[in-house]
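Notes for the one structure printed next.
The chains carry the letters A, B, C and D, assigned in the order they are written, with residues numbered from 1 in each.
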Amino acid sequence: MAKLSYAKALNRALRDELTRDESVCVLGEDVGAGMAQLTLGLQAQFGPGRVMDTPISEQAFTSLATGAALCGMRPVIEFQIPSLLFLVLEQIANQAHKFPLMTGGQVAVPVTYVVPGSGSREGWAGQHSDHPYSIYAHVGVTTVVPAMPSDAYGLLVSAIRSDDPTVVFAPAGAMGVREDVTRDLVPVPIGRARIHRAGTDVTCVAVGHLVHEALAAAGELAGEVSVEVFDPRTVYPFDWPALADSLERTGRLVVMDDSNRSCGLAGEVLASAAEGMRLIAPPARVTRPDGSVLPFALGLDRAVQPARAALVSAIRSVMK
Amino acid sequence: MAKLSYAKALNRALRDELTRDESVCVLGEDVGAGMAQLTLGLQAQFGPGRVMDTPISEQAFTSLATGAALCGMRPVIEFQIPSLLFLVLEQIANQAHKFPLMTGGQVAVPVTYVVPGSGSREGWAGQHSDHPYSIYAHVGVTTVVPAMPSDAYGLLVSAIRSDDPTVVFAPAGAMGVREDVTRDLVPVPIGRARIHRAGTDVTCVAVGHLVHEALAAAGELAGEVSVEVFDPRTVYPFDWPALADSLERTGRLVVMDDSNRSCGLAGEVLASAAEGMRLIAPPARVTRPDGSVLPFALGLDRAVQPARAALVSAIRSVMK
Amino acid sequence: MTRSLNTPAELYGRMRLIREFEETALRLVKSGDIVGGIHPYIGEEAVAVGVCAALADDDLITSTHRGHGHVLAKGADPARMLAELAGRTTGLNAGRGGSMHAADVGLGILGANAIVGAAAPIAAGAAWASQRARSGRVVVTFFGDGGLNQGVLLETMNLASLWKLPVIFVCENNGYATTMPISTGLAGSAVARAQGFGIPGETVDGMDAVDIRSAAAAAVERARAGAGPSFLECLTYRFGPHHTMEQRIRLSYRPAEEVERWRLRDPLVIQAARITPQEREEADARAAAILAAAREFALASPHPDPADALDYLYASGMRGRGGEG
Amino acid sequence: MTRSLNTPAELYGRMRLIREFEETALRLVKSGDIVGGIHPYIGEEAVAVGVCAALADDDLITSTHRGHGHVLAKGADPARMLAELAGRTTGLNAGRGGSMHAADVGLGILGANAIVGAAAPIAAGAAWASQRARSGRVVVTFFGDGGLNQGVLLETMNLASLWKLPVIFVCENNGYATTMPISTGLAGSAVARAQGFGIPGETVDGMDAVDIRSAAAAAVERARAGAGPSFLECLTYRFGPHHTMEQRIRLSYRPAEEVERWRLRDPLVIQAARITPQEREEADARAAAILAAAREFALASPHPDPADALDYLYASGMRGRGGEG
């Protein structure tokens, strides 16, 4: 089989689900044109009734999807910009997420929200460079951040099939990744981590596109430190048993996370490890700084993002 | 001096700042009537031009305050419901917060956002019972959660005087607290913790109304465990040096936080302690469960909130 | 309780039921059996009943914080509704929702909503599903005059109009958003605003259930014919407080004469004039009996077990971590 | 560059400057000196220039993702603007904002904004401050036809109308929101929508700077007189792509004849017809010289030091923790 690109994997997942299930439909800005690649060619194949362009009214169409889901549809929404996930927090966290409990189990809200290109896009500046998955993990909405094309495929499929609202953050830094796909593409279970590289000294948890940085760092350090690269794939619910297992082996933890530091996912991983897992050295994390706003100039933009060099030195430091 | 209630303290702070500084003004729903106590009597004193009732358009008036702040005003906004802080996340996190950096330092955005009655109000159910300060700590907006009337006064004053956007979460569970105020009410510096009770065995960090639970738990345990009750007062920026100090003394940490567990403030405190402070036992936290939605029935509502009994057993467990 | 709302007596009977329900609920708020208070619907009964009288059983509604009337008008069981307000397992939402979230999806009641304006796009989504399924189901979204200033509702009007969704926007203009009179809150007019989005709008007497029913029927017909959304502004008034907590905190934002003037136009009195005294007495007695039984049912029902606090949190059955230890 | 925009030649000159700026910027996008691309304003210059010609120096504007024209029309230095797009310390925002956030607060330019509709309430807030200070300053908020569907902008129309704020809503209707034609995106009409909020509205030829200036002048007068907001819909067209990335991903959503038809109505050609050939040549030469110098200035300016990445994050000077270690 050929190299599969991440963007293509998402597109194929969506196509497969649209084919499989009549109740799946797509809503978003410029999805007809397939501007963000996610929906390329889908409107031509499935028609504008199932792949529907929307006006710039994110709040309304997000809750419109909720209403449609209450009536048996399984909408998939594309958001053009990661910060739109700030704009629709009310609609997802306070409406869609709360409906099952508040109705005493009368309903499910099977909506999937996809952000193709989350995080820095280099040069898109302050309002287009967020990567707000930690907020969704906090409110408790199912949230996945695939790193690999096969996982992007498999997690998008699972998200669409899930009966709960699910956010798929596809990092801008991963959209170009290609993978040799030798097996059939299959659904990937939500909430299950994947170890990309086994190691015995340090568990390195990395999220989304940073998995590739972690793999590179592990390669760099080979011979010096044996690094286990742990990709949670789902950031909520997190695969705590798998992390505990890994730490049983390594006892040391470094997390690389493209969120702001305070109350971000890396902090959660450190906290969970500290309160109940095996740690033989203080853990460390490499994140965006507190309260980050990405400045426009490229050198500044990059300076604010977690970097491989910092990861390497964090790994070394937990080995001391 | 008489007993000062928390609600009265907030009201007095606002009155004092309106008196002191012509550029301070108040915007919000039903602020004229003073329905939430915060603004009681202020419209009569300062007129409807400075204490202005708004239509139910939170997003617009939140950014309207930003625009006014860019032109020299210092607006204070009251939000009637904690979940409105979901609704205006775009306006605060993606606009107000980002303006200083994005303009290269051309502007400041001195707006204060007050939520009088955050957290459970008992019987207000799923959409009115959030306490979303961890989200604001994550995005890096200055965020205070006072526990005591004197701190409510002093932090609201400091918030209004701050040149940065600042959120004041006044917990519903604290609004009725009264304090013997023997000294003049003074501004309280943002970012400075307060130790309410010194102890040598365990540092108990508690936020907002839970400070009172922590004090009660410490009292219960007196003789058995010496508990230091640490009130951060500001949740962002957190007073890390004070926490490190306290842990130098105790080496043990329990955090009580009325946020959802994942990526909440308690996790951040555990993580920060684990990565760089003195810990002689694994730390513990008492929080809302992951992804909580508060059910309506009172017994369920309470079951989802962090409870004193759980705190007591967490303190005992870190002593083992 | 009969489901149909055809005869004048049936309209009256349902309004009386709602009134009786609210009065019972107010007593239970006072006694502490209903925690958190309610937003009473008293005075506005004609809107819910008139509109729902124009709907078929499988049509849908979304409701508001002031939602009891809508939910009962669409046919919910008053006993299970009252049990919901009292937080019991027998409640419509198993005690998880309370006053502001009452729902009975099987009856087309997609739920009250505690966030102003938030239900409108949900209704539009249900209407979109109906349109796609060619089910002919129409969706009504109720909201207040204050809701007209919430962005998401305005965005929704555009979508509904563009896509000709079978949704009816019913604005209950009771003259106030909490303490704010509409004159200081709404620029332009409600109907002009809808028209600005290409939605035909009409203002009706919100105290007259029959008038409302005929306006709603025309809107329903339009929607079923595929001609898209309509907007109905119902001029009404709440006779009581915005919320029961007002009784504690004493606000004065409405002149007493204004309240008195509106009370003279009590929708129940208006509708009572259209039926015989005997019909009226029977309806009154029936409502009283239903509510007495409902009260008994609700208060005898079990409280949910705190151990089940997070039941239903995820439809997939997923369980997160607890908050302790 | 002269600040004044009074004579026909000055109007032409500023439009030419903007056109030249955009063409220079496009070349710098291609060369990689401008990272992240731009939303070119070419074809729409008459709107920015016509509107700003009606403003006084201390009036204010807010702008959009397609903001270069607005910022330059209000008087920003093209050299510092270009340096901003190239991410240099000499840029208007010290290289921190880039194309979508360019601001020069001293000139009343409160900033471009990358979120559709988001600047409107900020403009209203500035107008409110002006009203309270009785400064007589008027605020213009520019936005696109797509922006008319964003809730916060609609909410803002209500506030502005209610409070009679000195703010002017200028809708640049270029017929498309990215790939979505306005016919499928906007129900009702732009002007009717404004009127629904009680705001008087008018549609003008967005290719004619003189027409726009007189419509804007009337709105400014209304605002200064305390009569409240106005709405101006300018019918215009972007000659190029939505964003420069479109050149990579090839979209086809506009018929070629449509583009050609609009190109015949080039606002520069329309305005050129009102001045002498000599005036035109002089203006062209001046614009070319200014941009050549601007380019040189921008590219010779220093890149910011990565160590300063979080400068200006907090106005209070606060510093959070870094992301490492």
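Keep this in mind: a contact is a pair of C-beta atoms (placed from the backbone, for glycine too) under 8 Å apart; a residue touches a chain by one contact, two chains touch by 3 or more.
What you see is a predicted model, and the numbers here were worked out from it, not measured in a lab.
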item	value
Excluding subunit D, groups that stay connected where the other chains sit	one piece
Partner chains shared by subunit B and subunit C (touch criterion as defined above)	A, D
Chain whose Cα centroid lies at the greatest distance from that of subunit C	D
Intercentroid distance (Cα basis), subunit D paired with subunit A, Å	35
CA centroid of subunit A to CA centroid of subunit B, Å	30
Chain centre separation (subunit B, subunit D; CA means) in Å	39
Of all residues in subunit C, the ones touching two or more other chains	93, 95-97, 101, 113, 115, 149-152, 155, 158, 162, 184-186, 310, 313-314, 320-321
Residues within subunit A bordering two or more other chains	55, 57, 59-60, 83, 87, 90, 94, 101-102, 125-127, 140, 237, 262, 284, 290-293, 295-296
Category of the chain touch graph - line, ring, star, complete, other	complete
Subunit D partner contacts - residues on subunit C that touch it in the complex	149-152, 154-155, 157-158, 161-162, 184-189, 192-199
Subunit A residues touching subunit C - in the complex, by the definition given at the top	25, 49, 54-55, 57, 59-73, 90-91, 94-95, 99-110, 140, 142, 162-164, 191, 237, 240
Touching residues (chain side subunit D, partner subunit B) in the complex	60, 62, 91-97, 101, 103-106, 110-111, 113, 115, 118, 120-130, 132-133, 151-152, 155-156, 158-159, 162, 310-316, 318, 320-321
Parts of subunit C lying in touch with subunit B, wherever the complex brings them together	34-37, 84, 87-88, 93, 95-101, 113-117, 146-147, 149-151, 177-180, 184-186, 249, 251, 253, 303-310, 313-314, 320-325
Sites on subunit B touched by subunit C in the complex	29-30, 32-33, 35, 53, 55-57, 59-60, 81, 83, 87, 121-128, 261-262, 284, 286-293, 295-300, 302-304, 306, 310, 313-314, 317
